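Next come two complexes built around subunit A: one with subunit B, the other with subunit C.
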Partner chain A sequence: MTRSLRTLAPHYVMLLPFFALFVVFFLYPIGSGFYYSFFQWDAINEPTYVGVENYSDIMGSRKFEKGITNILTYVAITVPLGITVAFLLAVLVDSFNGFWSKVFRSAYFVPVMMPLFLAATLWRWIYAPNFGILNTFLGWFGIDSINFLNNTDTMLLAMIAVDVWVSAGFNMVIILAGLKNVPQHLYEAARLDGANKLQEIRYVTIPMIAPVLFFVVTYGFISALQVFDVPWLLTTSEFTSYGGRRQTLLFPVMDMIGRGFGALKFGEAAAYGFILTVIIMTVTATLFLIRRRIK
Partner chain B sequence: MGLKTTTLSVSAAMLMTAASSVSAQDVTLDYWVYADFATGAAGDLQEAFISEFEEANPGVTINMTGRAGGDLTAGTIAGAASGDIPDIFMNTTAVGAQLDQAGALANIYPYWSALPQDVRDQFNPELIDLCTPRPETMLCIPYTGYGSFMYRNLGVLEEAGIDPDAPIETWDQWLAQMEQIDAAGKTAVPDMSLIWFSILAVYAGLVDESAWGIDWETKTTLIQPEPYARALEVIAQMEPYSSGTSLWDQATNDLFTSGELAFSLNGPWANPGYEKAAEANSDFRYDWVLVPGPEAGSSGGVQGYEMIGIAPGENAEIAFNFVMHVVEKEQMVRWASELGRYNSNQAALDAVGENSLLEITAAAIPGSLYNRPPFFEGVYPADYYQTMVDFAQEVVGGDMTAEEAAAATVEALNELLQDG
Partner chain C sequence: MTDAIASPSALASNRRKIKVPSLWTVLKWIAAISVAVVALFPLWWMFSVVFAEAGVPVAVNPRLYPTSFTDGFAKIWEVFEETGYLRAYYVSIMYTILTIAGVLLISSMAAFEFALFDFPGKNALFAVVMLSLMVPLAVTLIPTYLLVAQLGWVNTMQGLVVPGLASAFGLFMMTQFMQSIPKETLEAGRLEGANHFQLYWYIALPLSKNALITLAILTFMKTWGNFIWPLVVSNTREVYTVSQVINQFNSPFSHTTVDVVMTANFLAAIPPILFFVFFQRWIIEGVQMSGSKG
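Coming up: the complex of A and B.
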């Protein structure tokens, strides 16, 4: 025992800097946030203990209801759509070799590297009524100008399009890495058995890259549930005014930030964070459970 | 003693006072400014003010950082919460209540009241009152300010056959010009219903300060439904001539500078961009007029002020001395002359020679409404402005009459305020 401790001690000592940083920058903020979620606190005056009032106030508020409705709709569309687009792009890029493979891979990855405020400005221009590229294009077919970012019927879809455009490149690169690892002889065998391209994808590609797809799906859910920057920028939101027309693009993280920095209700904002954490953990655990069942 | 000599001696006295108050230990002050005040000509001036102060106060170092408006607020509030707040920071008085509630603002009244009377007399007393919400409690030094006005693209007006010298003081004249512009295949205005700033600019033509803002005692909005309905009606009349983009959209700016849009309601901050665009494109010519009101002699617009706040703590006094150096007449004359920016130092504004941007800003202020009054009293609910916008768009979309929307706006805002 003593000997093994002596052997292991240097390893633990070497790990100590990491654990110290982990405690200071990870565990302490989480613990502190959880503590403040039971207090009414404006960041400067003494916090007042309010029990679970912050949690009940949030869950009883119309904004929370709106935010949750919006996020559910958004997740239901954006996760499958985003992953399908990324998968198709990966298959397309994988079908090229050499120079063109690199060109397409880089081209699809550009939106990931582009600063988001720039992407949002670009898309606000694309969506601009009367003068935007999209409306000009629709005008050629006799379709009246649409205010995509202000019409409550189109706002969410317009935002999802931007989101997919931004995130598809990242998911594509991950899926592409998975595709490269699929042994070629499996495709050859499938072809010998008379499989067409779609059947190759259905019976070879998807099962072989299932772990990669699972990662992309899980990551997609987690990112989607925390969506903030794209709707914030598209609606030109501020701490004191966010979510766009009729709060069509109001999402939970925006509301959390607004309660904190807009209304100085840091206790509520902390509670909001923990509600979101519970939701995200539940979704992730469910995904893992589904995967285990499928396996 | 001439005015200039007085100013110099006051300035020197302040710098010396500052120097004597610096302890033997070196002091570094963090100074957060608006991003556009940290670059270009404004940045050069700020650097010059800092160098002058540092030179006169050996041991004092000032670190200036430029930050966007939202970052300034979030960073200052987060800093106040964690005890790591910048010593000196700019922001708009519109977030004064938030900063005050967060404990980010030191009470500088003792330092202010100790200043010589002739220094205090340099400032616009109304703006000093604005920073002094309670007796013997002064929370900021008023800095720059604006009254919004209307930029006009002269090329577009000419294409539409409009004489730029023709009066455009009333809504009727404005709408008549919009019709001509539309007939010429150009766009007249941004969509005025998309942001509170443009709604308020129109509403300001009809009312004074008593009909705008929040009564925090009763937690009710001060918006008056009748004039507000009239403003919404006019905004709806402008809709057919609008670009569909908001005043603050980059697309609106691009349309204006590229000769597609005739009118852009904005503040003096838009001018440097327009100046650059005009230098790059000789076809782009512009001027400015007041935002038209319902009748001749009235005008609309929004006014707002930037302030400099000082964090509570041991550096507060030296920070105050630095701020006074920045806002003192000599510096403000340079600031106003070079940038054409309106500011709180009335003596400096009076001393600046002809400057048309300064003149239009000053002329716009009497007809304008404050952006978020009353300052330093309460934090506006997050949905306040969005509610105004939502109902304005119901009118523009034809889903509500202006009267219905005005009544619904007031009701919804009161509900928001009551809910806290």
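Coming up: the complex of A and C.
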């Protein structure tokens, strides 16, 4: 089958805008970033070739160690907690029918609509010592004011609370769509076998919505590993100083931005991006392998 | 519940008649309402801070409900007039509108080809775009900034908008949707003398209305809330987005009062809330659609 250029040309014309932008603003930056990652460059003077020094400098630095420790702790708590909350909310909303189910679903979804920068700055003031509303509540019960965002014991938990507040509704809605697709007769069969509510969830609901849960978990890991907006704003970070008290909320993307725009080491920042990508892709690949095992 | 167990023969029809709700139902309602309070209270508090009498200490008025609408509007006026917020609002709206328009047009054009036609290189091109969905943002951020700087686009609207236009997710979503357009419809259009571009514009696009609305909303949420890209690429007052002004208010030495921050936040929350009120069905379906791809 041979087709002339005349009949094929319109197809490529339609593809051109997307692929032109895709090549210039996606493929090219990946390539140039990889190239820059072997140079020392402040984006003003000429770049100097330094080999793999950027990579070894990053991996040997205190901040990298701190960032990786923090992100691992954070991810290990926020992903399971966030998805458990979302799952419970979905089951709760699903147990109502009609009108009230919609009302609660909408109410729980409203925080998802809020930009992360808004959620972070709003909660920063909720947590504020003395006059923040949370400390006002605690005051009514005779509890002394806690500086949630400047106390290394509470900082991470305070941040995770914000995280769950914004994202629970998002995951809930996805899980809810999964729940609606579970055939009712499976529940009836389980009930006939004498299953209680919890056993129904364990042996019917969870296996039936496994693909949806897998998506939510994978997506949760990928976005949590790149967390930026919320910790940056909760700790009032700037390019030259970030991560809050004792760098308790220092996370890799913040460090990458700081090395680039604070220290003007753009080669190092580019290298950081590649290190992060390797970590994220390893996690994603592991999740896919686990998924295949279970199947 | 106990009644039903006591007389198992009574079954469901009997349970309908019992007006006293079971313990399970009561707990369920308490849980559902408590969660709703946790979800909505922070936003209600933000609203109450904005519309509270200025200067009254928290010990006297903890801002649990609005107390002065005139003071609230005065604060909004003050934020618009004295902080450059009005300009930022305009920049954010333009940034969002241009991004939505660009993403919809560019991804639907390419999706039209991938969904409905065959041409050499189709599978390879589509595979590359799908692979790009796996690449985290972290890796392209710094080099994209460097490229934008080389183009001289730092602190310009095109610097904000253009790098975000080739949306792999948008292309994927539109392609999935357009595959359901029957090829006979296009054939009929062609018989009436429409050319390739007319088929796209007059047949495929109108039939994809729902997908376009969904993509527009998802793009809106992503763009209006974007913090990291404006943070690195727009550093002067002329091109500050709403997120950047709020970042300035948030900085440790800005001495901005909670009233000003909450007013700025409240104004930033209005467009998303309006979208939610008017497009709730599309928003929730859109999120569910992105989830079902997993």
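Some notes on this structure:
Quick note on the criterion: the second predicted complex is superposed on the first by the 272 of 295 C-alpha atoms of A that agree within 3 Å, B and C clash if a C-alpha of one lies under 4 Å from a C-alpha of the other, contacts with A are read in each partner's own complex, and residues count from 1 in each chain.
Keep this in mind: a contact is a pair of C-beta atoms (placed from the backbone, for glycine too) under 8 Å apart; a residue touches a chain by one contact, two chains touch by 3 or more.
These numbers come from a predicted model, not from an experiment.
Considered on the superposed subunit A, subunit B and subunit C are sterically incompatible, since they clash. In the superposition on chain A, the chain among subunit B and subunit C reaching more residues of subunit A is C.
Once chain A of one complex is fitted onto chain A of the other, the partner contacts of A:Ala43 extend to both subunit B and subunit C.
In the superposition on chain A, contact of A:Phe266 is made with both subunit B and subunit C.
Of the two partner chains, subunit B is the only one that A:Pro129 touches; subunit C does not reach it. In the superposition on chain A, A:Ser145 contacts subunit B only, with no contact to subunit C. With both structures placed on the common chain, the touch criterion links A:Gly220 to neither subunit B nor subunit C.
Of the two partner chains placed by the overlay, only subunit C lies in contact with A:Leu118; subunit B stays clear of it.
Shared-chain residue A:Tyr242: touches subunit B; no touch with subunit C. Once chain A of one complex is fitted onto chain A of the other, the partner contacts of A:Gly67 are absent, as it touches neither subunit B nor subunit C. Working note: subunit C versus subunit B after chain A overlay, options 1-9, 145-153, 199-207 or 271-279, clashing stretch identified as 145-153. Touching of subunit A by both subunit B and subunit C, each in its own complex, is seen for residues 43, 121, 124-125, 128, 130-131, 236, 238, 261, 266. Within the complex formed with subunit A, the residues of subunit B that make contact are 70, 73-74, 77-78, 80-81, 95, 98, 101-104, 187, 191, 194, 196, 243-246, 248-251, 254-255, 260, 379-386, 389-390, 393. Within the complex, the subunit A residues that touch subunit B are 42-45, 121, 124-125, 128-132, 145, 147, 150, 236, 238-247, 258-259, 261-264, 266. For subunit A in complex with subunit C, the touching residues are 8, 10-12, 14-15, 17-19, 21-22, 24-26, 28-30, 32-33, 36, 43, 89, 92-93, 95-96, 100, 104-118, 121-126, 128, 130-131, 133, 136, 165, 169-170, 173-174, 176-178, 211-212, 214-216, 218-219, 222, 225-226, 228-229, 232-233, 236, 238, 252-253, 256-257, 260-261, 266, 269-270, 272-274, 276-277, 280-281, 284. Within the complex formed with subunit A, the residues of subunit C that make contact are 28, 31-32, 35-36, 38-40, 42-43, 45-46, 49, 57-58, 62-63, 105-107, 109-110, 112-113, 117, 119-120, 125, 129, 132, 134-147, 149, 162-163, 165-166, 168, 171, 195-197, 200, 221, 224-225, 227-228, 231-232, 243, 246-247, 249-252, 258, 261-262, 265, 268-269, 272-273, 275-276, 280, 283-284, 287-288, 290-294.
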